[in-house]
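Below, chain A partners chain B and then partners chain C, in two separate complexes.
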Partner chain A sequence: MDMKATSGKKLGLKEKYRHMTRGLDWEPSYQKKEDIYPYMAYEGIKIHDWDKWEDPFRLTMDSYWKYQAEKERKLYAIIDAYAQNNGHLNVTDARYLNAIKLFLTGISPLEYMAHRGFAHAGRAFPGAGPRVACLMQSLDEIRHAQTQIHALSNYNKHYNGFHDFSHMLQRVWYLSVPRSFFDDAVTAGPFEFMVAIGFSFEYVLTNLLFVPFVSGAAYNGDMGTMTFGFSAQSDEARHMTLGLEIIKFILEQDPDNVPIVQRWIDKWTWRGYRVLTLVGMMMDYMLPKRIMSWKEAWEVYFEQNGGALFKDLARYGIRPPKWLDQIAFDKDHISHQAWATFYQYGAASDFHTWSPTDDELDWLSKKYPDSFDKYYRPRLEHWREQAKQGKRFYNTTLPQLCQVCQIPMIFTEPGDPTKTCYREVDYLGEKFHFCSDGCKEIFENEPEKFKQAWLPVNQIYQGNCFPDGTDPTVEDFEPLAKVLEYYHVNFGRDNLDFEGSEDQKNFAAWRGMATTNE
Partner chain B sequence: MAVAAVKDYRFDSADRLENFHGNQLLFVGWEDHLMFCAPFALALPPSMRFGELVDTTLPGAFGYHPDFARIDWSAVQWFKSGQPWQPDFGRSLADNGLRHKDVIRFRTPGLTGIDGSCS
Partner chain C sequence: MSTVFIALQANEDTRPIIEAITADNPHAVVNQQPAMVKIDAEHSLVVRRQTIEELIGRDFDLQELQINLITLSGHVDETDDELTLHWNA
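Take a look at the complex of A and B:
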């Protein structure tokens, strides 16, 4: 490339951008394109002209580093100050910490997986424009994973359950939900990955993930978490732009792409929505100071914002995702169903659960006038009463899981919250079970993929979830104790009820030391 | 299309019967009692008598519920894959036609959970 380095003039922004992105691309001369980009055809997506790609943000690598470094300097200064001033003692209540344990174990590892996914997709695309955009997002995602882990490591010095998130992600029963979601995405082809994560997750659903956690942190005095949330915000705006660009680009390239993209939008909206069940539960039960209910968040961030988006996409022949009727009905239910699940399997988790206070029950009644008092309050009050009598409910029999979302089969029939929703399919002589029509249809589209699902419950029964060298045939063998050992969950410290926990006692004692002269 | 893949793609199912060391999975749900958040997954020998499942396994799984002690087992309605079904308590799971990963549910007429909330 002949660039005159001696002119003495600085390149203009536009020129610089062109040179440092598309200008770095070249046409192969002695290798075939399909050998260099082997994943371009098998998903059925047809791209005729990669140059039609509109770069959603004009950022070059050098300015990327400069800009991000500045942001991170500020972020780490705040995180350090927060740590040095024992900021953790300013959170509303030690119960709050369990919300960020959920974030660290369930969400931060997904940032890392997103990093891998975008790096892979970027490598796979023959177009220089999307390749550069994917590269930047890939870097964003690994930075987010790092800043989150660093920010939350402060809590690991003081509280239980933060100690081994990456080990747990591969093993703990409920973490298979976010993990399998992302494993499904990164093992799909590059186009499906972009629709799954770039569009459905980052564009359609991201506000339902980050707003609740970041606002939840702000409302509950957690400046560390709040700061990494704000620091990531400008990146998220870029990610949303990329998500929208990729979908418009694919749809404009060939009409044959429309039904494929539609199927992916249906699949990934449903899968993402299922993962967000955890967020709904966090919002309605785990934040001592609530921000809004899950139902309200869904209405604002999906029904209103998402509604406008799909109106816009209608001109490409795209309709709103399937199963929205069921989702609209279920917004009154899923957070309660999820909390009941974690409450009863509280012996097998790495965070604490508890009975809501009277105030909290009343808040739930008010936010869910059509469902809470009728279906869920009796259950919670019964459990609270039992706990007072020393009979706190710990369910020790393993639940049936959905083959696709891997959530226990806790969801109810569309339109009837008193009936568990059962769906099943016979495939090559074996039965497979699902929590919903959505998960069932996803399986039917790709049974060869989903029949390999690593379902934690079934793996326990196969004997694959004990520490090495365990002999399950010995007398007095306690399978659940061995499973916790395999999870690296410390019994009596990380799990069980918040009431009486070490976290509760320590927080009260340390806050007492910080705020009184006792 | 059973999967989108760049080349031939065939693997065994992760939960095929032979992985369960002689047991088979049976899923059991109790209608109108959603205090148990999901149906249970049990790994049982196919030779187990159905009556033994009811007498020894189900109490451990569902016994926490105050309704459980009130169940009249002769009046219980059974379902297999959602269809009405009549088990023979004296015969084995296998002889009752229960195969690996079958799902059964039971309904206990008159018992509908805490304060009738189906909890």
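Take a look at the complex of A and C:
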């Protein structure tokens, strides 16, 4: 059917948005609203008027497809060119690739979970405005998962450790950290999910991942990661405004919502902050050419930007998230504590670790004048010395994990970086262990949820992480070898030190071929 | 006073946009970083369609910003003519 516009006048942005969102909504007549939207009441959030919702970006589906298609065209043109020209040989050095192995295994699958979560939240909300915004975000998130997997598959042709990320996500010990974070969010109600992911993660924390780290990828010659990273983050700008809008909307609807939202903000800022430890380590240790330290990025994107945000939200009765004093103190420490952990457990991971060079140690000393020389540099130098003597240190005792964030107990007491922080709670006759006051309090608020956590170390000790048919009672049984087999990690190829690895040798040989006539 | 910001990919499409933002927001500070440009401004920042159109010599839809936008902060208000970022406190 050919439709002709008769008025000759183009609709303004606001009018068009109204027609294409609320104008397409209808009131149910033969089913009750609470049957159609069954998840609206149980979290205790009270919404009186969904029409008060305002989407700040007045993007309609027709414009959405147009601009997303344009982004995809740009992205795939760059990815194709990068692959066609063996762009992988232009990265600063092959150690860098280990940062993006972590990205693929630890971060891209979260994009897929976000896709599922926003599809679910969008379905659950009775208001047309948030429903449309969640629909777009759900589509964005599956696009991010796919573009990241496509872009990184190029590395899988040449390097080890990229071969089985979805299998590993369900099993490998450190991947249970990001995985359980998102599983916690998608199993919450739709309002908590929106505060958890839409607000706390998207608004307060994702800049730290996608802005300085991706800018760092560009700095290190990785055009593939730069292009998928910035293409994803261009959607994030919309997600962040959705996150901020949902918080304002919920808080304005009813004063009873304030304490519920406050507890979610406290919980999810802490949960997200713990997950980002991984990104701190990637920035400080895994980018051969460094752009800014984790601490500097934290100050710009969390302290300054988050500070402005919480000042703005104060008029609703919202205060800044709990445990900020500890978070502020720990910015000098967590990236170093995380790297030390992965270095020690380098035999049980799917990427390589290494001893930083003198130049890198000096950079860290300069960026962390109050902590690095005193607490961390001597240990790294000692390990490097040991490695030189052929005694590269691999820790073979499995660490205790925190019941909530699932990170090994590697963090230190608030204000004392020489003392490991432990907390415990007795619940139903069982003892549960935590890395911090934050994780302990989160458990105490929802013990029935968190007592069920699938903790990789505990599962290994219970014999649940060996391939089918394994007999642990045979003589000379090597549990680590069997666990790696279960993970699909190839011993000696995907793991251990970067020095002497196949990746290191191949990269050097191929770069030599690319720059000489040999 | 709180700071808002907008970050754009550093490419040919965004050069005139950054120029327009700088012209319309004399208080803004432009930070060049690898592959991106981050513009910080105290309290508020405005992106004007007309200023961009004058620089590029063609019609410009402010939603085209979506293509090269990396991130932003502050409350967003978008009309046909302006995209404004601001904090209320």
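The rule is simple: the second predicted complex is superposed on the first by the 501 of 518 C-alpha atoms of A that agree within 3 Å, B and C clash if a C-alpha of one lies under 4 Å from a C-alpha of the other, contacts with A are read in each partner's own complex, and residues count from 1 in each chain.
Everything below uses one rule, namely that contacts are C-beta pairs under 8 Å (C-beta built on N, C-alpha and C of every residue); 3 or more make two chains touch, one makes a residue touch a chain.
Keep in mind that what you see is a predicted model, and the values were worked out from it rather than measured.
Contacts of A:63 after superposition: chain C is touched, whereas chain B is not reached. Shared-chain residue A:408: touches chain B; no touch with chain C. If you count the residues of chain A touched by chain B and by chain C, you find the higher number for B.
In the superposed model, A:216 lies in contact with chain C only, and not with chain B. By the touch criterion stated above, A:471 is placed in contact with neither chain B nor chain C. In the superposition on chain A, A:27 makes contact with neither chain B nor chain C.
In the overlay built on the shared chain, the residue A:359 is in contact with neither chain B nor chain C. Shared-chain residue A:74: touches chain C; no touch with chain B.
Of the two partner chains, chain B is the only one that A:189 touches; chain C does not reach it. In the complex of the two chains, the chain A residues touching chain B come out as 38-39, 42-44, 188-189, 192, 337, 340-341, 344-345, 374-376, 378-379, 382, 393, 395-401, 408-410, 412, 417-420, 422, 424, 428, 430-433, 445-449, 451-455, 457-459, 461-463. In the complex of the two chains, the chain A residues touching chain C come out as 12-14, 56-59, 63, 67, 70-71, 74, 207, 210-211, 214-216, 218-219, 226, 230, 233-234, 236-238, 240-241, 244, 291, 304-305, 307-309, 311-312, 314-315. The residues of chain C lying in touch with chain A in their complex are 2-5, 7, 9, 33-36, 38, 63-64, 66-80, 87-89. Here chain B touches chain A in the complex through residues 1-6, 9-16, 19-21, 23, 25, 27, 29, 31-32, 34-43, 60-61, 64, 81-82, 99-103, 105, 113-115, 117-119, going by the rule given at the top.
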